[in-house]
Amino acid sequence: MHIATDPWVWIAAILTLAIFSFLYRENPFYRIAEHLYVGIANGYAITFYWHRILVPSLFDPVARSPHFITKVWLIALAIIGALYFTRFIPKISWLVRIPIAILLGYGCGASIPRAVEAELLRQLQATIITRAHFAHWDTAAWAIIILIGVITTVSYFFFSAERKGALKPISYVGIVFIMVGFGASFGYTVMARISLFIGRLQFLLGDWLGLIR
Amino acid sequence: MTPQADSARVSFWTRLQAIDRRWIYLVLAAVVIVPLLFPFKIKPKATTPVQKLFNYIDTMPREKALVISIDYTPDTRAELQPMVVALLRHAFATRRPVGVLAMAVYGLGLGEEALSQVAAEFNAHATNHEDSIINGEDYVFWGWTTPPLTVMLGMGERITNVFPVDYYGARTESLPIMRDLRNYDDMGILVTVAASAMPRSWIVYAQVQFGVHLSCGITAVSAADFYPYVNSGQFTGMLAGMKGAAEYEELVTAKMNKEGLDWGLRNRGTEAMSSQTAAHLAIMAFIIIGNIGFFATRRRK
Amino acid sequence: MQRRLPLMLVLVTGIFGAVAFFVPHGAVRSVDEVFRNDVQRILAAFSLVLGVGSIVQHHLTKIQRKASFWQYSWITLTALVLTAIVGVFGGIDPNRPGILPTHIGSFSFHIQTIFSNMMVPLAATMFSLLAFFMSSAAYRAFRARNVEATLLLAAAFILMLGAVPLGRAIHAELPSFAEWILAVPNTASKRGILFGVELGIFATSLKIVLGIERGWLGGGGGK
Amino acid sequence: MAFSSIVALLVLSLAPPGDVAASDVPNDEGGKIAVSWTRSPDTTVTSYRVLRQAVGATEWETLGFVGRLASTYTDDAAANDRQFQYRLIAVSPTETAESEPSAPAVATAQWFNTETLPALIGSAILIFVFLYFINRARRDRNLFIRRISGLDHVEEALGRATEMGRPTLYVPGLSSIADVATIASLNILGEVAKRTAKYGTPLIVPNTDPIVYTVAREIVKESYTSVGRPDAFNQDIVFFVTDQQFAYAAAVDGIMTREKPATNFLIGMFYAESLILAETGAATGAIQIAGTDAVAQLPFFITACDYTLIGEELYAASAYLSREPLLLGATKAQDYSKAIIVGLILLGTLLALIANVSTSRFM
């Protein structure tokens, strides 16, 4: 058992225990650690926004670019970007809507046709059963089950008709598929949460206390 | 069942259910710590999606690059970092060019950790310039920029426009590896390792327009939600949670041993499997006992 | 003006974003490339002002009003300023140091060291608390109280057993049955839900571009 | 084999590649020409040399070499709107054979990528369906939406709280006002507040977002006055707790154990703290109705709560209650879009099985 000597490993271990202390009950150590986390995260983000976007894509080109038109173009963009600061100036805070509109508009516009292709058409196409599926019995059976599952799940979330007649059994089969799907997510979520806790113990018992190899 | 025995049984179960949740925390902690100190060996058997990704990377043409996108943050590092390390070892062991980028700014530090760790592992055993792993020749760490749309669409045209400068600050045009790594066409596969919906954006923006081959390493929480993309062929296989990481580690270690690179490297994912198993059984026991208590008391009310 | 200009901008950039997908012609493609690599990137760089600005404003008002736990706000602000100074002036790449030296003797406080030894443990441990909440909820709340919950728990048990060697011990086929549940019924139900979610995203994007949905204007604080 | 053909084999040396063709690569911004040919029958060929000549120029320039199995080559350096001719030379260890030059070809840029046609049609149909229903919803507020069974459970749960004379707790989720789930939750809160006002059961609404808090207070006050009980409304029904995720969960746990509400509503956007809320609620024996579109939290709510509104059911319930044109129109439009999708799947399967059309475009 050889305890770590690096001061930083001790700092990391103390912060880990401070967060775990919440399990006993909410306390000052936990609050300190939580507020520290928010501060460091934002300081880290500022660093990389500065070094990896503003410097290489704005300051360098403006300083070094031979063409005057590029300088004017980039400075104009920087001015529009600076409008974000107006968010905190009450009288003219509506100006922040201009940069937001440009980013939001392009993002929504770009996603519409692409998502229709990737999420609707491709997934729809993958549900269609073709003769290729009948090459052997299991691919055929699974393709049929998936087709039924997709149609009944979609029908469960159909609100324009009362759940009477054919829709009643279809919705029932749909909820069975949905619940088996959520069961699969539930089982894997349990697995995920445990892994995160194991990761922290691998640090505490390994790197800090040196108990495990 | 006499009334007294009946009420005794009910009061036992209600008391058992009402115990303080911190006792349950202690039980869970013990169940995880003990197997960490005294692990029992577990050989995870590769499931189909993991095998599919491994076979694809193994049989990719030699000059095609393996690109890894770090789309997760330190929150889910325990599950996803072992995947990145295993993928890097697989690529370096088979002498493939590697490109790494991060779509989450907090993924940068994780990318740096994984790359320096695996490069050091290989360089420790390298004898000459040929087998050592050199930044700028064998791998490039493009770093991060935003918004995601600029990256995903821009890398289909020219990567050096999207990443003029790499993580370390060097100009990307000057790096030798970038000569034949211009855009998606020079990539064998791009693996998005993520905890959130970023893989969906890679499909919607990168694959639809440029047809790049994609796969994903995902936390077990969202794994079930991505199976439709594996089924439709949009993802070529998938690594799900720490179990997926352990399976891929197993395949890579076996491959490296076969190629005479048996360096006894640590596999974080596999090491956690014994605790993972114990904790699973504990959670299942909690649910079963809880439900027995529930049904025992319910009949009484 | 406060509403018409942003709504017009959203419409124009929205239509351009969609059209750029359909037109391979060089004229449109080069404008799209300039728009993505210059306009989007520089505006997004400044968007951090919104995030950091609102956090600083939130904590400053908390300190001003002496709201509950206001003292802790000083920790967030100082941590933010110190990390930013070390990062911006200390530089990112150890062999390309910035103006500020990032180590005193052997004790280095380089941005990557701060990241690995402060941010990783804080973030990772915060998330690993969930394992505990999960275990106590498993014991005291997850009940097979109706048909749906019973189905869910049954499928979850098969999955969890399939993931551990005990599963193989119970029945050789259990792990592959667990894999089958994920690959077939789960794929079907998640694909069905995916169609609904995608139509929801499509509706929201369309309403924003056409100016039907105006909630985002609120973010600007104006009328 | 006739003597003459043997002689022919000896004398005529290598057979050149045949029918060389060149055409513009479609769906691009120009600059690319695809060259194709049939491989030379001789097995001794080791590679092919690709040559190009601009129409009107004299000499041929070599573009590159391809292996003996190749039968296509893409010239990605052809200037737009200029005519080029291509020729192949089959190379074997001992000799070479030249092919006939191809017909001239021109690289052009296209204004529409034909491969995106399905996406264009799909988007157009969906845009039409959505705009149609949003307009109809603006004119006719009672477009039919079935009553979500979840709302009957809300009714029962409120009845139980009234019988036992214990308060009702309503948690509107942890997200901001911009989140669709929060808006849906506030619509349902309005309905719940009307009943608690009528039956006189105490209502508790803790908040984490200042804007959601102010909106929620207005909704509850309006519900109380609309039922004719403005007197029953007081300022501490709806209150702001904290914006810290886990501190909020701890505070609501305190309310659940102290006030012992008979009914808990957990409706809106939830994150990891949903486990703590649902667990404490279950432990206090309250009837719990949940509703969220947070896919990661749904499995926990389903097993921990008595009834759960799953994803879109939450939106439909809010549209059903509020009859707000945007929500109503969107729900109806999504219903009909789903019907189209199911129709296409069934039609596609029928066509694929009968006409053996393979959909391998991407498989």
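Chains here go by letter, A, B, C and D, matching the order in which they are written, and residues are numbered from 1 within each.
Here is the rule we go by: a residue touches a chain if its C-beta (ideal position, glycine included) is under 8 Å from a C-beta of that chain, and two chains touch if they have at least 3 such contacts.
Model, not experiment: these values are computed from the prediction.
Using the average of C-alpha coordinates as each chain's centre, D ends up farthest from chain B.
Between chain B and chain C the centroid-to-centroid distance comes to 17 Å (mean Cα coordinates, whole Å). Put simply, the C-alpha centre of chain B and that of chain D have 23 angstrom between them. With each centre defined as the average position of its C-alpha atoms, the distance from chain A to chain C rounds to 4 Å. Among the residues of chain A, those touching two or more other chains are numbered 22-23, 34, 41, 44-45, 48-49, 51-53, 57, 103, 106-107, 110-117, 119-120, 122-123, 125-127, 146-147, 150-151, 154, 157, 178-179, 181-186, 188-191, 193-194, 196-197, 199-200.
Along chain B, residues 17, 21, 25, 28, 75-78, 106, 109, 145-147, 149, 153, 167, 169, 208-209, 221, 223-225, 228, 231-234, 243, 276, 279-280, 283 each make contact with two or more other chains.
Within chain C, the positions touching two or more other chains are listed as 18, 21-22, 37, 40-41, 44-45, 91-92, 115-116, 119-120, 122-124, 126-132, 134, 136, 138, 140-145, 148, 152-153, 156-157, 160, 163, 182-183, 186-187, 190-191, 193-196, 199, 202, 204, 206, 216, 219. Shown here, the protein chains touch in all possible pairs.
By the touch criterion stated above, chain C contacts chain A in their complex at residues 2, 5-7, 9-18, 20-22, 35, 37-55, 57, 69, 72-73, 75-88, 91-92, 107, 111, 113-132, 134, 138, 148, 151-160, 163, 178, 181-196, 198-199, 201-202, 204-206, 208-209, 216-217, 219-223. Those residues of chain A lying in contact with chain D across their complex are 22, 26, 34, 112-114, 116-117, 120-122, 124-132, 147, 150-151, 154-155, 157-163, 178-179, 182-183, 185-186, 189. Here chain A touches chain B in the complex through residues 23-24, 41, 44-45, 48-49, 51-53, 56-57, 103, 106-107, 110-111, 114-115, 117-119, 122-123, 125-126, 146, 181, 184-185, 188-202, 205, 211-213, going by the rule given at the top. The residues of chain C lying in touch with chain B in their complex are 21, 32-33, 36-37, 40-41, 44-45, 91-93, 96, 112, 115-116, 119-120, 122-124, 126-128, 131-132, 134-136, 138-145, 153, 157, 160-161, 163-166, 175, 179, 182-183, 186-187, 190-191, 194.
Contacts from chain B toward chain A in the complex involve residues 22, 25, 28, 32-33, 36-37, 39, 75-79, 105-106, 108-109, 143-147, 149, 153, 164-165, 167, 169, 200, 203-205, 207-209, 219-221, 223-225, 228, 231-234, 240-243, 266, 268, 271-272, 275-276, 279-280, 283.
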